[in-house]
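Pasting the structures in now, so scroll down.
Each of the next two complexes has chain A plus one more chain, namely chain B in the first and chain C in the second.
The block that comes next holds the complex of A and B.
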C-alpha cells in the first residue's frame, strides 16, 4: 500500500501507530494476524534450534551445540546462579524460555521478510509481565507465607509508625503496579519505537527515491542511516530481552530473600 | 554486582511509584477541593521525599 502511495507521487504519509495494526491474513478470523503467526513461528524455531543443538551432544561440541549451550549457560549462570543464588535451578527453565522467546521475537523486527517485532504489540509484553508477576508473588508467598510476605512488603522495619502512612502506599504501588507495568512497557516501547524509526528511514528513503532528481540524490543517505539503525536495533533487541529476564530474576530473588 | 543491580532497578521503581502515588493523591485532592495544582505539587514533593527515604531505609542504612 505504501509502495503505491509513494509511486503515485502523493504526499508522504509518515509511518504511525497504524502501521502496527495489521489486518488478519485469513478473512474473518480476527486472531490470525502477523504477530500471532510470528509468536508461533518463534516457538517452532526455538524448539527446533535447541533440540537440534542438544541432540547429538558430544564432549567436543559441534558449532550448533556450542551456540545452544552458550545461550543456555548465559541464562543459567549469568542470570540464574548469579542473581537468584541458592535454589536457582528450578527457575532456570522459565528464565531460559522467557529470554529466548523475547530474543527471537525481537529479532523478527530485523529479519528480512518477517520484519515485525512481535513485542511491539503491547499485549505480548503484558502477558509475559503478568506471568512474571504471578510467579514472583507466588514464590514469595509460598516461601514466607502470605501474611509475612505482605508484611515484609508493606512495613519496612525500624520506622516510626506514623511514617507508614507515607511509605506503605509507595511499597504497595511498587510491588503490585509499577513493577509489572514498567516491565511490560519498557519492552513494548523499545520495540515499538525501534520499528517506527526503521520505518521512517526506509519508507522515507523510498519516497525520496521516487521524487525529483534532487531528492533521488539524497535518498541513499536515508538508506544508509536506516541500515546503521538496523544494527543499533539489533543491540536494543538483545538488551531488552536481557533486561526483561534480568528483572524477572531480580524479582524472584527479592521474593525469596527473607529480609529485603 | 547482584546487589548493585538490584538496587538500581528497585530505586527506579520506588521513585516512580512515590511520584505516582502521592502525586496522584495530590492531583485528586486538587480536583476535589477545586485548587489549581497546589496539592499536586505538595504530593509530588511528598512522594519524592518518601521514596528517597524508602531507598535509604532499604539500601543505605546498612552500608553507611
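The block that comes next holds the complex of A and C.
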C-alpha cells in the first residue's frame, strides 16, 4: 500500500501500526504470515547452530564449539549461577532457550531481506512472558507450598500491620499483573518502536528521493541516519534479549528465596 | 486479522491467536531441542574439561609420590649395601689377619723343625767326623809314635789307651 504511495509520488504516508499487520503470503491461510515463518526459521537456525556446535562436546573445543559454548556459558554463569545460585542448573535450558530465541528473532529486524523483528508482534512476547510467569509461580509454590508462597507475597514479613492495606494490593498487582505485562510489553515496545523508527528513515528517504530536487538532496541524510539507527537497533536487540532473560532469572530466584 | 478487517485503526497490543499458538509451538520445539541435544552436550564438555584438569593434577601428584617412594627405597637400599660392604670388609680383614697368623705360626714351626733337623744332621755329621777323625788321628798318631819310638805297639788295648791319653792331652792344650 505504502509502496504504491511512494512510487506514485502521492502524499507521504508515515509508517504506522498497520505496517506490522502483514497479510498471509498464502492467500486464505491465516497462519502463513511472515512473523510466524520467522519464528520457526529462528528455531531451525538456533537448533542447527547449537547442535553443530555441541555435537562433539570436545575437551579442546573447535571454533564453532567455542562460539556456542560462549553463548551457553554466558547464560549459564552470568544469569544462572550468578542470579539463581543454588540449583540453577535445571533452569539453564529454559534461560538459554529464552535468550537465544529472543536474540535471534530480534536480529531478524536488521538481517537483510528478513528485516522484521518477530517480537514486534505482541503475541510472541505475551507467550514468552506467560511461560516465565507460570514457571516462577510454579517454582515458588513447589518450593514453599501454596499457602506460604501466597502469604509471603501478600503479607511481606517485617512490615507494620497497617501498611498491609497499601502494600498487599501493590504486591499482588506486582506479582500477578505488572511483572508479566512489563516483561512482555518492554520487549514488544522496544522492537516495535525500533522497527518503526527504521521504517520512518528508510521509507522517508525513499520518498524524498522521489520528490523535487531539493528533497532529493536531503534524502541521503535520511539513509545515513537510518544506517546509524540500524547499529543502535542491534544494541537494543541484544540488550532486550538479555533483560528479558535476566528478569526471568531474577523472578525465579525470588520465588526460590525464603524471604522476599 | 481482525484489526485489519476493522479498517483504519489497528491496536498493536491485541494478540493474534495464530501467532500465540505458533509462538508456543516454536518456543517449545526450540526448548526441547536445546534441552535434549545441546545443553547436555555442553555440560558434558564442561565436566570432561574439569575432569581432565583435575585428573592431570592428580596424576602428577601420584607420579611425584611414586618417585619419592622410589627415591626412599633406593636410598635405603644404598645404605643397606654400604653397611653390608662394611661388615664384609671387616670380616675379610679379621679373616685375613687370622690366616696370616696361622701362616706365620706354620712357617715358624716349619722353620724351627727345619732348623732342628738341620742341627741334628749337623750334630750327627759332627759325631761321625769326630769318630772318624779320632780313628784316623789315632792311627796316624800311633804310626807316628811307633815310628818315633820304634816300639811296636801291637797290643790293641795299650794302643787305644795311649791314643786316648794323647787326645785328652790335645784337648787340654787346646783349652
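Throughout what follows, the second predicted complex is superposed on the first by the 252 of 260 C-alpha atoms of A that agree within 3 Å, B and C clash if a C-alpha of one lies under 4 Å from a C-alpha of the other, contacts with A are read in each partner's own complex, and residues count from 1 in each chain.
Note that in this section a contact is a pair of C-beta atoms (placed from the backbone, for glycine too) under 8 Å apart; a residue touches a chain by one contact, two chains touch by 3 or more.
Just so we're clear, the structure is a prediction, and the values are computed from it rather than from any experiment.
Visitor: Which partner does A:158 reach: the first (chain B), the second (chain C), both, or neither?
Guide: In the superposition, A:158 contacts chain B only.
Visitor: By the touch definition at the top of the document, which applies to A:122: first (chain B), second (chain C), both, or neither?
Guide: So A:122 only meets chain C here.
Visitor: Given the superposition on chain A, which partner contacts more residues in chain A: chain B or chain C?
Guide: C
Visitor: With the two complexes superposed on chain A, say which partner A:178 touches: chain B (first), chain C (second), both, or neither.
Guide: first
Visitor: Mind working out whether A:30 is in touch with chain B, chain C, both or neither, as first, second, both or neither?
Guide: second
Visitor: Just checking: does A:169 make contact with chain B only, chain C only, both, or neither of them? Give me first, second, both or neither.
Guide: first
Visitor: Could you look at A:55 and tell me whether it touches chain B, chain C, both or neither (first, second, both, neither)?
Guide: So A:55 only meets chain C here.
Visitor: For A:74, decide between first (touching chain B), second (touching chain C), both and neither.
Guide: Neither partner.
Visitor: Of all residues in chain C, which touch chain A in the complex?
Guide: 1, 3-4, 10-16, 18-24, 26-27, 29-31, 33-35, 37-39, 41-45, 48-49, 52
Visitor: Flag every residue of chain A that touches chain B in the complex, lowest number first.
Guide: Result: residues 82-83, 85, 156, 158-159, 163, 166-167, 169-171, 173-174, 177-179, 182, 246-247, 250, 253-254, 260 of chain A touch chain B.
Visitor: Across the complex, what residues on chain B touch chain A?
Guide: Against chain A, the touching part of chain B is residues 1-2, 5-6, 9-10, 12-14, 16-18, 20-22, 25, 46-47, 50-51, 53-54, 57-58, 61.
Visitor: Note which residues of chain A are touching chain C in the complex, please.
Guide: On the chain A side, the touching residues are 16-18, 20-21, 23, 30-31, 33, 35-36, 39-40, 42-43, 46-47, 50-51, 53-55, 57-59, 61, 65, 68-69, 72-73, 76, 89, 92-94, 96-97, 100-101, 121-124, 126-128, 131, 185, 188, 192.
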